[in-house]
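Order of writing sets the labels: A, B and C. Residues in every chain begin at 1.
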Amino acid sequence: MQTRPLINDLPRLALLSLAALVVLAPYIWMVAVSVKPQDEVFKASLSLIPQKWALIENYGKVLKTIPIWTYIVNGLIVCFGILFFQVLFAVPAAYALAKLNFRGRELVFGFVMLGLLIPYQTTALPLYLGIHQLGLLNSYTALIAPFTCSVFAIFLFRQFFRAIPDDLINAARIDGMGEFSIVWRVIVPNAVPAATAFAIFSVVAHWNDLFWPLIVIQKGDLYTPAMGILAFRSVEAGEDYGALMAAALLVTAPLVLAFLFAQRRFIEGITMTGLKG
Amino acid sequence: MADVALSGSALNQPRLARRMGGDAGIAWLLALPAILAYLAMILLPLLAVLALAFTDYEFGARSFHWIGLANFADMLSDRTFAASIRNTVIYCLFVAPLSIGIALGLAVLIEAGSRGKALYRAVFFLPVVSLTVAMATAWQYLLHPSIGPVNALLRMVGAGTPNWLGSSDWVIVSLGFIGVWENVGFNLVLFLAGLTAIPRELYAASEIDGARSGWSKFWLVTWPMLGPTMLFVIIITMTRSIRVFDTVQTLTQGGPNNASEVLLRTIYQEGFHYFKFGYSAAITLVFLVIVLGLMLIQTRLIDRRVHYG
Amino acid sequence: MSGIVIEGVQKSFGMTSVLRGVSLTVAHDEFLSLVGPSGCGKTTLLRIIAGLEAVSAGTVQIAGREVTALRAADRDVAMVFQNYALYPHLTVRQNIGVPLVMRRLSAVERIPVVGRLLPGVATKRCQISADVVTAAEMLGIGALLERKPAQLSGGQRQRVALGRAIVRHPHAFLMDEPLSNLDAALRVTTRAEIVALHRRVGASTVYVTHDQSEAMTMSDRVAVMMDGQILQVGTPEAIYTNPQDLRVASFIGSPSINTFAAEIGPDGEVMIGSVSSGLGSTGTGPAILAIRPENIAPAETGIAARVDHLEYLGESLLVHARLLEGDELVICRLPPEARQQLRRGEMIRLRPDPAKALLFDGAGRRRPAQVRIRDVVHG
């Protein structure tokens, strides 16, 4: 396609830029307000640059009042813990479903498809009961365990493994590998693109989740970033928007920065796995 | 995407050069961790919800009774539940058409030229990867009745300044607007994928055939060729927006006066606030049935329309 | 009615120049092939005639009307695309009807359901439907009208694409390798059908192909393109027997024409090494002598070569031989009986038929030459 002259392209670009501005508005104001002192925030002016900078004051307040680093570390532990188990469980199962013939395979796959249809919020009540019975409320286990079996991961990896040629696996068998070594030495290295896509999908979903942490966590030192913001809002900060925006910015930044560095992979990962939303 | 998902299921299973016997045992062994986790985390809890929905069990109680459909009967007279269903439906009917329409328009605009593709795509996608709770907080400031920039802007042009999140007339619209903001990028990327999959030659052919304006090309080529994508996007957006929770919990807690009570929040509230597990499970079933219904529509329609190309 | 006239057309994409001053006239009723290796600019030229691509310089006229600045929709041309470009969501009937619907109905009248209620639309739709049926019957796809493209075979899709092109009787047909997606057998039968169709509807046709046998068998005239230029336009016979450029001579014909480095002596005699070719020319210096495989054969005297390989084709025998001087490969086409007389590794002497030999200068341009009987006798 030919690039048309810039002048003819301007209306299109103007329209898109306007829409982009609306989308970016909350980010712009989040950054602006996070460096404004409280009295300027309350003046309700439209100016973005503060007259008096309150960067230290606002961010200092966040760091002083809530253990925001703990929340972020919690978020990382939970997200990568979930991801670790999801991949650990899903890869061998997906391999069996994709490449091995066994009685009951159709049945197992049927259950995988069933699982795809069930939103995770459906099972919250019994899971809470079980975790309570085991005395595991307020623990990393409570945050991680319910998500260890991702039917979506099984499904995705199965589709991906089916494209790996049988001859490659047969060659590995002739070379003397057992099924377990085939999974970890032949299949996994070949599954990196699918795994990356799934990893991004999974981390984004669980970093942003609020529903489940809200249910199983009451203790502050196990708060995830999303809960941390909520707590900071309701208890400590009230209407101190400067500090609130500073906190919001700190917990939004990790994923947004990762996205900006690898946006193509993020977009592929999240939309390719969009099935589950 | 879903097309891939559905086509791959039963067709041409790979034939294996199998050794005698051995496969089955190893296969089950490989699948065992996943099967155990599936049983414990999905299947058993699912069955338990099904059972709970027909009991009066309350968390902490020593016993419970089977009460048949009484929970469902209670829903009919429960004003909170009624509000919750109504608000969820309004929210979905607000978010889905707007986020789909805007996303389609933006996708066509982005695809129409060669400048700024990656930039705009990244900008519009940003909300998808941003922490909803944090961004909701930013929106709360933007929509603040007295100090928020939105109302400051409206005051400047002399328009009215509603209490966006505080009045029962506006709260669902405001939440819906945030929902649109959240979903546009996701739909946009799906549409962009659909648009790039349309063969360039079809546009050339339509031009030869006499489609002069972009408008007639859109209706002759783009719109029908986007059919399968459109269907997928509609269902995805509906299932995403029916699960609205984070923004409501962060911004309004269902208020004012139940004006923003939504399905997932009602489940949460009845279950984990009032500990009425039986009743909450019954509402969960209603939620599940709606989601499954949407999925069913999708599979039915995709089966019918996928024969393109 | 003067067909298509292209004058001095240039096209460049950024820094790369794809067409470098192309001029071409296609008569009304004429079937002209544009043939050349891939990347020579033939498809670009076709798209420029269609109006899908803008020229960087030059003009295009169709039926006596200057159309250089007009869009494809306003040029009254039809095009058959390589992948047919059928609308997958429309039936065969609707696909063929699209050009008529877009031209005969206004935007308002095209609106589904509502549009049909407007006065006159029913009559117009009726007429369109009749025209579609006529075109479909002409192509033998009348029974397929309610199917969608996905339910058709490759050959049937190709016919639908043709139907969409002929339905509105355009001034010019443009075809972009329309047979390249068919299997070999179907390709050969469809060639004849397209030619017959062209005779029936009779409009200027420009047919792009990289397959020289298509170009040679179907066309009234052939235009050979290379590197963004038309090297020669002429009847298939002229292109084959009388090429004006060495590149044309080498591109057309299979197996390729043989070339020998030659030298024109002071007396005007064309020598291949130490052997006379039997050809005389004016001027002196190095030259290239080209001879088709069927015009060179073993003889008592001639260029010494060793038989390298024999290819028996049934109706003829191809002899691959290597020159003793220079080790170049020469291919001769002989009657099949010659197989009995030749063995691999045998020494032979090859003599080109001077009446059929072609002489080119160092830059590949054709040079005048005439047969010198004296030299043949001389050996």
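To be clear about the criterion, contacts are C-beta pairs under 8 Å (C-beta built on N, C-alpha and C of every residue); 3 or more make two chains touch, one makes a residue touch a chain.
Just so it is clear, the structure is predicted and the values come from calculations on it, not from any experiment.
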{"item": "Chain contact topology (line, ring, star, complete or other)", "value": "line"}
{"item": "Highest C-beta pair count, chain pair", "value": "A-B"}
{"item": "Whole-Å gap separating chain A and chain C, where each centre is the average of the chain's CA atoms", "value": "57"}
{"item": "Centre-of-Cα separation between chain B and chain A, whole angstrom", "value": "16"}
{"item": "Touching two or more other chains - residue numbers and ranges from chain A", "value": "none"}
{"item": "Two or more partner chains touched - positions in chain B", "value": "none"}
{"item": "Complex contact set, residues of chain C against chain B", "value": "47, 50-52, 71-74, 77-79, 81-83, 85-90, 98-99, 102-103, 107, 110, 148, 150, 164"}
{"item": "Residue ranges of chain B in contact with chain A within the complex", "value": "1-2, 4-5, 8-9, 13-19, 23-24, 26-28, 30-31, 33-35, 37-38, 40-46, 48-49, 52, 59, 102, 106, 109-110, 112-116, 118, 120-135, 137-139, 141-142, 144, 146-149, 151-153, 156, 181, 184-186, 189-190, 193, 236, 239-240, 243, 245-246, 249-250, 264, 267-268, 271-272, 277, 280-281, 284, 287-288, 291-292, 295"}
{"item": "Interface residues, chain B side, partner chain C - complex", "value": "199, 201-202, 204-213, 215-216, 220-221, 224-225, 227, 307-309"}
{"item": "Complex contact set, residues of chain A against chain B", "value": "1, 3-4, 6, 9, 12-13, 15-16, 19-20, 22-27, 29-30, 33, 41-46, 85, 88-90, 92-93, 95-105, 108-109, 111, 113, 115, 117-119, 121-130, 145-149, 151, 154-155, 159, 162, 166, 170, 173, 179-180, 183, 204, 207-208, 210-211, 214-215, 225-227, 229-230, 233, 241, 244-245, 247-249, 251-252, 255-256, 258-260, 263-264, 266-267, 270-272, 274-275, 277"}
